[in-house]
Amino acid sequence: MDRYTEQRIADGLVRAATAIVLAVLVLVVGVTLVRGGRALLANPAIVVTPPGSTYMLDGAGGFLHAVLGSLLVVGPATVISTVLAISTATYLQSDYSSERFAEYANLFLNVLWGTPPIVYGVFVLTIMIGAGTRASLLAGILSITVFQYPIITRYTDEALRSVSTELKETTYGLGATRFETIRVATRAALPGVVAGVIMGFARGIGDAATVLFTAGGSTAMPGGLLEPATTLPILIFQQATSFNAEVRSHAYAASFVLIVTVLALIGASKLLAGRFARYTPGGQSE
Amino acid sequence: MSNESTRLRRRLAVEGASSVWFRAAGYFALLVFGVIGATLVWKSLPVLTEYSLVELLTSATWDPARNSFGFMPAIVGTLAVSGISMAIGAPIAILTAIYLAEYATDPWKTVISSFVDALAAIPGVVFGLVGLIVVVPFVGDYLAPVFGVDSAGQGILTASLVMSIIVTPFIVSLTVESLEALPLELREATLSVGATEWEVTKHVLLRAAGPGILSALLLGFGRVFGATIVPAMLIGSQTLVPETVFSPGQTLTTIIVNDFGELMSLPLTQSALIFVGLLLLVVVWLFNFAAMLLRRRLERRWQY
Amino acid sequence: MTETDTAIETDDLRVTYTADQSVEALKGVSVGFAENELTTIIGPSGCGKTTLLKSLNRLHDIEPSAEVAGDVYVEGEPLYDTDRPVPEIRRKVGYVPQTPTPLPMSIYDNVAYGAKLHDDYSNAELDDVVETSLRKANLWDEVNGRLDAPGAGLSAGQIQRLCLARSLAVDPDVLLCDEVTSALDPVSAKEVEDTLETLKSEYSIVMVTHSMEQSQRIADTVAFLYLGELVEKTGVETFFEDPDDERTERFVAGETIVDTP
């Protein structure tokens, strides 16, 4: 084949592939927004109405239990995993640990990040079996915490690593302790850290596999830490194949809520990172 | 004076306490890793002592109620879904990455990159739902009849098509990263001997970014391998070795989803399902470690 | 000094970078570079030296923010206003970047790569091209026997000569060198300089440098670029001893040039 023909074919292929990816995005978001939007418009109150007693059969009431459940699972989980993640990431900086340790720990964190969420679910479930407890809000929080921990740690570690050595040296030069120095460094790395926490939250709120057995997928309002709960992704998963059109339409509406939330979070994380970045030398960090 | 020394003592106490906490948190990363592995191994032991590993992996009969635990159908299903979705997703992802890194200019580049990021952020369950609304009827009513196959729409191919969408943005962003890390001089030097832009990409850039792209593919494979919700919604959940790509099937992950609830009370079944979790963990961890080692080794050799 | 034929020349060449704000890096440069001579382009940093060099090989094509106006002529043929495929043009004008840049392949393939793109060589012919090019680049004796080793394994100075060999293998008329010795230690730099000196009898070499000493050592002609304009171009002796322009005189003397736009 002529070299220039090959060039033209390659140009075309490269553009076609990109067009396919964009078309798929439009399709997925579009279908979700249209179907979900239609269901929501028909009855907007379902988002804030608790489920009725025959909810799974005919969609009586709404899915407030899942909205609350999502917040009650992912909110506390994000707080706990953020505290753990920032602490771990701090230890991985050269102030505390050797390069070698950090390298190995990062290797393990990357692998944890790549671990299928269902494995975290099975892990927490195994512990629950051992402890003789049933599915509960607490177990859901625990599994999402384990799921988010490597994600937020990797972001925080990268953000802390991007803080200049000079900043730390200056702070040490003032007679600050390691703890005081790392606090200054964390402040300088804040955009990256915040972006990481938001990413962790977004991932956590969208995941179903980790919480499917651990939180329980209940059809009642969350009743307490040790009571079963459900989340939006679980609700979508369970109701998407329902024979009742009303129940199915709740799954569509829930995905509308979910996709809008997640995309807004991602957008916010980007904007925040950009806004904070104005205060850090070297500009935008992600 | 005494006031100052109290202050110093307090600061040093904070320093001491915090460093103990940070050290604990640092080792926590390794601990999580170890505890997950150990727990799953421990709870898999019942089924592993009862049956040989070879038997579990090669038997085609899955009937937990009668204590037959053959993972063959699920393994075949997992490999089929992973294979097909990578075969569809990987070329599209690499071509898109080439577009983003080598062709696109701002503002298009920024816009398209954010779209790819958005695609990566959409929860799996939403893809599953759209799969049910769009891909299931497409495969069942249009694609399968073309091949003369009777299909309800749910099956290996349907799950694979949607998984290929999920894995694409993941591979795109890692590949773009590898390509953009290459120096401009590499492109200039190659162009200057009279290569076309496509030849630069094909012969030089893809090779120089090869370690990164290869590790992106391995990581992507690991993602599909462990994907749960989308296959569970779209594969049709029949624990049989699939005959065609239109057949319903089962993957290692969907077998957990489908059987955990109802059969949790049987201890041996419980152990068998936890063993599936262990299997997933081992395979995915191997893929991840392989990806990282491979990358490190190849990068040393090519020095790019 | 006798007048020689011109190998490559620019006609009112203007390059504008439009990334953040519009910056005119070259403001209408018309200059010819003589055949089989070594011409150095010198000037303070940011004066457009590299921009000029790259436009002689259409390398700005891959920089979307660079706009080129005017034209470049190689043997009377225009580079920009033409229907010929750009790779055919670039083939006639070799380019060696500032950073030592091996392609991610073996030493042999580094040299053979360009040649293989343009012509169908038999293996024996290709071996011959590789050996000739490496010999011309003074690298043959150092790499003979390990041609299959990766190019990236060589030292920086060797890589720079490998890059020369790679350019020579496609048989160009003009060779563009962008501060090719600035990333090297003095010994390696000397080796590259020596190589260039032997090459200039066969090729027309245009070299950007920031070192006046280097120009004095190896150049036949020196072009002085200042703020995107050609101040003067003259034989090396005249340039350093009796330049026409006052700004050249000051630059050679190492003084700050007062900005006279």
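As written, the chains take the letters A, B and C, and residue 1 is the first residue of each chain.
Keep in mind that, in the parts below, contacts are C-beta pairs under 8 Å (C-beta built on N, C-alpha and C of every residue); 3 or more make two chains touch, one makes a residue touch a chain.
Small disclaimer: the values here were computed from a predicted structure and weren't measured.
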Count the C-beta pairs in contact for A-C and for B-C, then report the pair with the higher count.
B-C
Relative to subunit B, largest Cα-centroid distance belongs to chain C
Whole-Å gap separating subunit A and subunit B, where each centre is the average of the chain's CA atoms
16
Taking the mean of the C-alpha atoms as each chain's centre, how many Å separate subunit A from subunit C?
52
Centre to centre, by mean C-alpha position, how many angstrom separate subunit B and subunit C?
47
What residues in subunit B touch two or more of the other chains?
196-197, 199
Touching two or more other chains in subunit A are residues 3-4
Find every residue in subunit C that makes contact with two or more other chains and list them.
85, 87, 117
Tell me, which parts of subunit A touch subunit B in their complex?
3-4, 6-7, 10-11, 13-18, 20-22, 24-25, 27-29, 31-32, 35, 84, 87-88, 90-92, 96-97, 101, 104-105, 107-112, 114-120, 122-123, 125-127, 129-130, 146, 149-150, 153, 177-180, 202, 205-209, 212-213, 233, 236-237, 240-241, 251-252, 255, 258-259, 262-263, 265-266, 270
Subunit B residues within the subunit C interface of the complex
105, 183, 185-197, 199, 203-204, 207-208, 210, 301-304
Sites on subunit A touched by subunit C in the complex:
3-4
Residues of subunit C touching subunit B in their complex?
54, 57, 59, 62, 64, 85, 87-88, 90-91, 93-99, 101, 103-105, 113-114, 117-118, 150, 152-153, 163, 166-167, 169-170, 176
Under the stated contact criterion, what part of subunit B meets subunit A in this complex?
11-12, 14-15, 18-19, 21-26, 28-30, 32-33, 36, 39-40, 43, 91-93, 95-96, 98-100, 103-104, 112, 114-119, 121-130, 132-134, 165, 168-169, 172, 196-199, 201-202, 219, 222-223, 225-229, 232-233, 253, 256-257, 260-261, 264, 270, 273-274, 276-277, 280-281, 284-285, 287-289, 292
